[in-house]
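Handing you this structure, nothing more for now.
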Amino acid sequence: EINACLITKTDTNPFFVKMKEGATAAAEANGINLSTYAGKIDGDVESQVAAVETCIASGAKGILITPTDSRALTPVITQARDAGALVIALDTPFEPANVADATFATDNFKAGVLIGQWAAAKLGDEAANAKIALLDLNASEISVDYLRDGGFLQGFGIDIKDPTDIGDEDDPRIVGHDVTNGNEEGGRTAMENLLQIDPGINVVYTINEPAAAGAYEALRSVGREDDVLVVSVDGGCPGVQNVGEGVIGATSMQFPLRMASLGIDAIKAWAENGTKPANTEGLDFFNTGVELITDAPVDGIPSLSSADGLKKCWG
Amino acid sequence: MSETSGMGSKGQHYEQVLEGSDTRVAQFEVRNTTLLSRVQHILHNNPTFVPVIVLVISLLAFGLIAGGRFFSAFNLSLILQQVSIIGMLAAAQSLIILTAGIDLSVAAIMVLMSVIMGNLAVNLGVPSPFAILLGFAGGMAAGAMNGLLITKVKLPPFITTLGTWSIFFALNLWLSGAQSIRSQDIDDQAPFLKFFGNAFNIGGARITFGVILMVVIFVALWYMLNKTAWGRHVYAIGDDMEAAELSGIRTERTLVSVYMLAGLVCAIAGWASIGRVGSISPQSFYEGNLQSITAVVIGGISLFGGRGSILGALFGALIVGVFQSGLRMAGVDVLWQVFAIGWLIIIAVAIDQWIRRVSA
Amino acid sequence: MSETSGMGSKGQHYEQVLEGSDTRVAQFEVRNTTLLSRVQHILHNNPTFVPVIVLVISLLAFGLIAGGRFFSAFNLSLILQQVSIIGMLAAAQSLIILTAGIDLSVAAIMVLMSVIMGNLAVNLGVPSPFAILLGFAGGMAAGAMNGLLITKVKLPPFITTLGTWSIFFALNLWLSGAQSIRSQDIDDQAPFLKFFGNAFNIGGARITFGVILMVVIFVALWYMLNKTAWGRHVYAIGDDMEAAELSGIRTERTLVSVYMLAGLVCAIAGWASIGRVGSISPQSFYEGNLQSITAVVIGGISLFGGRGSILGALFGALIVGVFQSGLRMAGVDVLWQVFAIGWLIIIAVAIDQWIRRVSA
Amino acid sequence: MTPVVQAKGIVKRYGHVTAINHSDFELRPGEILAVIGDNGAGKSSIVKAICGATIPDEGEILIEGKPVSFSSPIEARDMGIEIVYQTLALSPALSIADNMFTGREIRKPGFLGKYLRMLDKPAMEKFAREKLTELGLMTVQSIKQPVETLSGGQRQGVAVARAAAFATKFIIMDEPTAALGVKESRKVLELIQDVKARGIPIILISHNMPHVFEVADRIHIHRLGKRLCTIDPKDYTMSDAVAFMTGAKEPPAQDAA
Amino acid sequence: MTPVVQAKGIVKRYGHVTAINHSDFELRPGEILAVIGDNGAGKSSIVKAICGATIPDEGEILIEGKPVSFSSPIEARDMGIEIVYQTLALSPALSIADNMFTGREIRKPGFLGKYLRMLDKPAMEKFAREKLTELGLMTVQSIKQPVETLSGGQRQGVAVARAAAFATKFIIMDEPTAALGVKESRKVLELIQDVKARGIPIILISHNMPHVFEVADRIHIHRLGKRLCTIDPKDYTMSDAVAFMTGAKEPPAQDAA
């Protein structure tokens, strides 16, 4: 019997909940005995270290992990690999990526770029006068946060300076950044705050779809819901539905279920004949892909409609 | 018996002179020397003034820093909206802190009840008013669980609610599957859940029903605490539990009622939060417990119980709201906002302590 | 004066008989009726047994549920490693809770100091021992800040540390730029920072220096608390601050020393955490404050101060560690782990209260 | 006549400390029963057992002939039993008036009181002031003053006034004059006699022999956790009482009652 | 001879309540000075002002002729001034021995004590037991017992024993016998006289006139927040003292000292 582990950042984010469901289903299908672990909150390094140790102690053949801090976990991951486990980073790469045997991830920066490009194209010439609000995750500025934020800005055509720092840009089109904790309540409050700074905001980037839904409520309460572009990242089913209903203009869909099932397959292969998965050409990770979902496609950026998106969405 | 010769008909011999003793009530002239100590005295006798003054000062300060926009009726009403949910939690928290307890589970109860209401009304098709009532009942049950553990098992409130916080949080994730219920689905299935999101405008200000609800909750609780016997008992329990018990207060019953009422207020806040946020999200208000405690202590309610007015918590919540809004408008980083709130807590309570010092 | 005739040479007439009064010290036979009450009595007189027993029972229970793997020397030593950092925080927290305080900032101090050590040693090239000493000084300064706010400004500890928690957290994010320092960089620049990650093996068990450090800290603090005057003063302050002050204890100085010592222990834990985690992550241990409090209360130290043994906190931390490890091994979802820890807190403290009830 | 209180074989242990050791107790209708004994003899413990403030380990308590087992002092209070505790049992931050009325507040008449349950503060304050004046506590400067700002003796006055005002069955006073001045003590003794005149029996714990011999109808002497004997103050001198309670002399062979 | 304590024009207000109203105070070497007065007259307040437990708003305090302004009772204690507070100031959860020695613990001799600062518990317990036995507190069953398990009177005994054992300059006792039994009170009075025989003056606040007249060398009568007069117990009767302190009679015109 093959033992394997899945360690996610938290158990509260639907993205990871879905990833876990996908992995559990794939494991069952492959006859793998999967244990799942999670941190309590984003950034809970200690819980993840403990989880990896438990996996080593229980003799896991493979570990799938979404590192909550891409730099912090290196030593324990090295231990796990030394103990003979295949370690695959899901969703978030390690820094450097070769800490793990393989990385199956969304290119978060790319995801941001897509929605940035879409928003810029949608505005056309007006993009030069856009007023942009950025609704980020939290004060800690973890990698998904700055990658998506920076990707969006770059896609929109703004110089992002230090790519790992949020808010160091000096482009006058940026009205401001605020944090949302990735949920609706935070999204709404942050949107309200930024509207107070400049009521003319017409482009809103959001870290994820719940934050976008919250931002939309704030816009709706001041009657601005129809003339502001809201873009987001994730591709959860409620988010895609929101694209269909015009709440979100466009979102970049990622594929947690695919990451999970690919991960399980890789562990099975490793356990059976010792082969390791290869990275996508030109990248230091295996790109599980991003798709832009929008019902208002623009030329030059391939996208799916929300109806098609609903068939691929993850939760 | 000759030995008792020292005793007259009325006690010991030397007590005979008491007939002639003075019977006036003592009176002394009152003088307060410096202006500062006079101010201190006035505030000491009206402790709710303190948070009010801090509030006014912070309003003025941010008005200067962040400019006129800050003072617009719209922005001020927005602060009220943003504060409304934490304000209601602070009302619940005040009740408990007045009994010398602390409730780390208020936000967990609130979110759990909003998830229950949403699941029932949106996913299971239960009529909204009924779902809401079930949520209220759930809030009271959660409060009763806290209250019974505290009174019957005699656990300290901090520990009890540290435990139930985990429990309610786990239940919340389990029931919701960590998924939000979308705003649009609520609009379709159970718009009544969003009742408190409705608003009206007066002179540029946008007042939601949720804001009104918050004020109503505070006024009602203030009345109960100050004008009824139950309220006096709550204060007495917070002041000295053993003395309250011995002097004839049904402390256990009162305490359980306090926790149930707090649970109910949380459930009401849960309903109101649906109107405020638009959707129902199991992830929101994770820091709500600490935020509510912050509001309460900034409002001058003693963590040792028995002292302070619940209205202070309202002002405390407003002060935090004004700070956050003002700092954002002034373009301060989130990082430094956290920093500033830390100092706000310390300074606001330090001022409060200085006022109280008069009697120490 | 004839009036005083009732008084003899030695006080009142009726006091003359006192010469003949009984001078033995009172003695009564002692009987404990039921077995249960006898057990209760034994435990009552040795309160530290309670967490030990809970620990043994949970070990046995998880041994049964999770099977032999759980009982391997390796896994048991792993639990020790996993517990070591929170254990040290719990030691610091115990000191403060014994004075009837509470410190919401322990984990924030720890992370801030590890970030400072890392920045100095890895990024600025300060020699490691020097960087570590600066971190220790920083920990003591942070503790002193808490202590001075509590004693001089007379803020309640909960509020003080709620405020400083925000402040330290913001400083931490600012200094680190929210970036972790990578393990490889530490290995290259300042391997001494990882000293406590070193380990030796005895019979399958892997004991890190960090685990030894935790035990040493507990033993040292236990000695200080129980065998020195300072320790008695700490207990007296927690018991009744005013009485301690009046009976000649320099309460302010002692309190500040307690907070500084706790800050130092946090800084030491910060150093040890670099060895444990391998890297320096400003985001880690966000829940460390509540976890340390959980360990302390499960260990039977009263939140009201003055009662309990610091060794209890060690066992409390171990109990939580055993629970988490056992539940993980038994394949329980994080969700239900949270749920179980909630109940663990409630049940462990309920047992403790039952034991204490004997004297109530 | 059935005794108002009858307790038989009460035992109370605290860990290894025996506070009450198979003690009996009896209070007869209309009498003032003084309880005397050394410090730590168990006087407070036995009266607390009677009024439900502690629950005895063994033994039986009858009130007016009916067995009772109170689980809290509130039950005793509901029967009209009032206690002045040695620790006073006042809420420091509440006003004198609030303290006098805890648990039996007066509500406003009419709608406000009935449906909104509003308290009638002026009425309570007036009553409280009257009671304090009766006790001669003239140094109290304001009736709205929190109790924590009163001197030790003033506080004791408040507790005594409360008990006297509300008792209907009997009153237990645990050293009610310990912290009181000469004048105030005298007032309390007068008050005790007034209460007795209203037909309400009183249990008075005191270390003040002149006071005890002045007001008591019977004296219960407590020693080493149990009742040593009860004596009639008319038959024995203070010296005898002190000798019995300190173990200097053997007590008289006791008759049944 | 310079007075041991001399205080002039002390004022202390609590909000609207005046506790001390321009009061003077004087303690002479080797004497027992009794302080009497109604409840709430301000007796505790004035002695607290003298020993630094409260800081007066106005006025001047001289100890052995030197002006002092204590900011905490520890400073007074360091000068050899001991106080038995009305509230006792004991730590409930600590043992009797620990309480006796708070702030002046005995360390083990040699290395253990000097470098490891280890306490000498047996020595402290032995000393504590001796002191309690001297006071006749025989009902205390164990010296390691936490103070919270003692009766009110036993606690008072512990506080008195502590003060008597350690004072070198003078002792303030705020109603030290209030909760004590007949036997224990007697022991305290004897102790007071022993202390005086050691040359240490004592300030004794008490409501017990026979006690006051038995031991006092002078009596300070406090009324409405200030010193009304001081009298010599040999020149006046108890009735006079009570009459002065309650306002029933005008005090004698006071001579300078």
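For reference, chains read A, B, C, D and E in written order, and residue numbers begin at 1 within each chain.
By our rule, a residue touches a chain if its C-beta (ideal position, glycine included) is under 8 Å from a C-beta of that chain, and two chains touch if they have at least 3 such contacts.
Heads up on the chains, UniProt names are B, C = ABC transporter permease; D, E = ATP-binding cassette domain-containing protein.
Every value quoted in this text rests on a predicted model; they were computed, and no experiment measured them.
Peer 1: Hey, how far apart are chain B and chain D in touch steps, shortest way?
Peer 2: Between chain B and chain D, the shortest chain-hopping route counts 1.
Peer 1: Which neighbours do chain C and chain D have in common?
Peer 2: Looking at chain D and chain C together, the chains touching each of them are B, E.
Peer 1: Let me have the rounded angstrom distance from the C-alpha centre of chain B over to the C-alpha centre of chain E, please.
Peer 2: Whole-Å distance between the two chain centres: 44.
Peer 1: Express in whole angstrom the distance between the two chain centres, defined as the mean CA positions of chain A and chain D.
Peer 2: Centre-to-centre distance between chain A and chain D: 72 Å.
Peer 1: Could you grab the centroid distance between chain C and chain E? Build each centroid from C-alpha atoms only and quote it in angstrom.
Peer 2: The computed centroid separation for chain C versus chain E comes out at 39 Å.
Peer 1: What whole-Å value do you get for the distance between chain B and chain C if each is reduced to the mean of its CA atoms?
Peer 2: Spacing between the chain centres: roughly 30 Å.
Peer 1: Pull out every residue in chain E that's touching 2 or more other chains.
Peer 2: Residues 14-17, 40, 139-141, 149, 182-183, 209-210, 224, 237-239, 242, 246 of chain E touch two or more partner chains.
Peer 1: Going through chain B residue by residue, note those that touch at least 2 other chains and give them in order.
Peer 2: 3-4, 6, 12-15, 18, 21-22, 26, 28, 173, 335, 338, 359
Peer 1: Residues of chain A that contact two or more other chains, please.
Peer 2: Answer for chain A, listing residues that touch two or more other chains: 11, 41, 139.
Peer 1: On the basis of the stated criterion, which chains touch which? Give every pair.
Peer 2: Touching chain pairs, listed by label, are A-B, A-C, B-C, B-D, B-E, C-D, C-E, D-E.
Peer 1: Hey, which residues of chain D end up touching chain E in the complex?
Peer 2: 14-17, 37-41, 44, 86, 137, 139-142, 145, 149-154, 156-157, 175, 178-185, 207, 209, 224, 242, 245-246
Peer 1: Residues of chain E touching chain B in their complex?
Peer 2: Within the complex, chain E touches chain B at residues 13-18, 21, 40, 209-210, 224-225, 237-243, 246-249.
Peer 1: Going by the contact rule at the top, pick out the chain C residues touching chain D in the complex.
Peer 2: Per the touch definition, chain C meets chain D at residues 12-22, 26, 28-30, 41, 44-45, 358-359.
Peer 1: Note which residues of chain B are touching chain A in the complex, please.
Peer 2: Its residues touching chain A are 69, 75, 78, 81-82, 85, 173, 177-180, 182-184, 197, 199, 206, 273, 276-279, 281-286, 325, 328-329, 331, 333-335, 338.
Peer 1: Within the complex, which stretch of chain B touches chain C?
Peer 2: Touch residues, chain B against chain C: 3-6, 13-14, 102, 149, 153-156, 158-160, 162-167, 169-171, 173-174, 290, 293-294, 297, 302-304, 335-336, 338-339, 341-346, 349-350, 353, 357.
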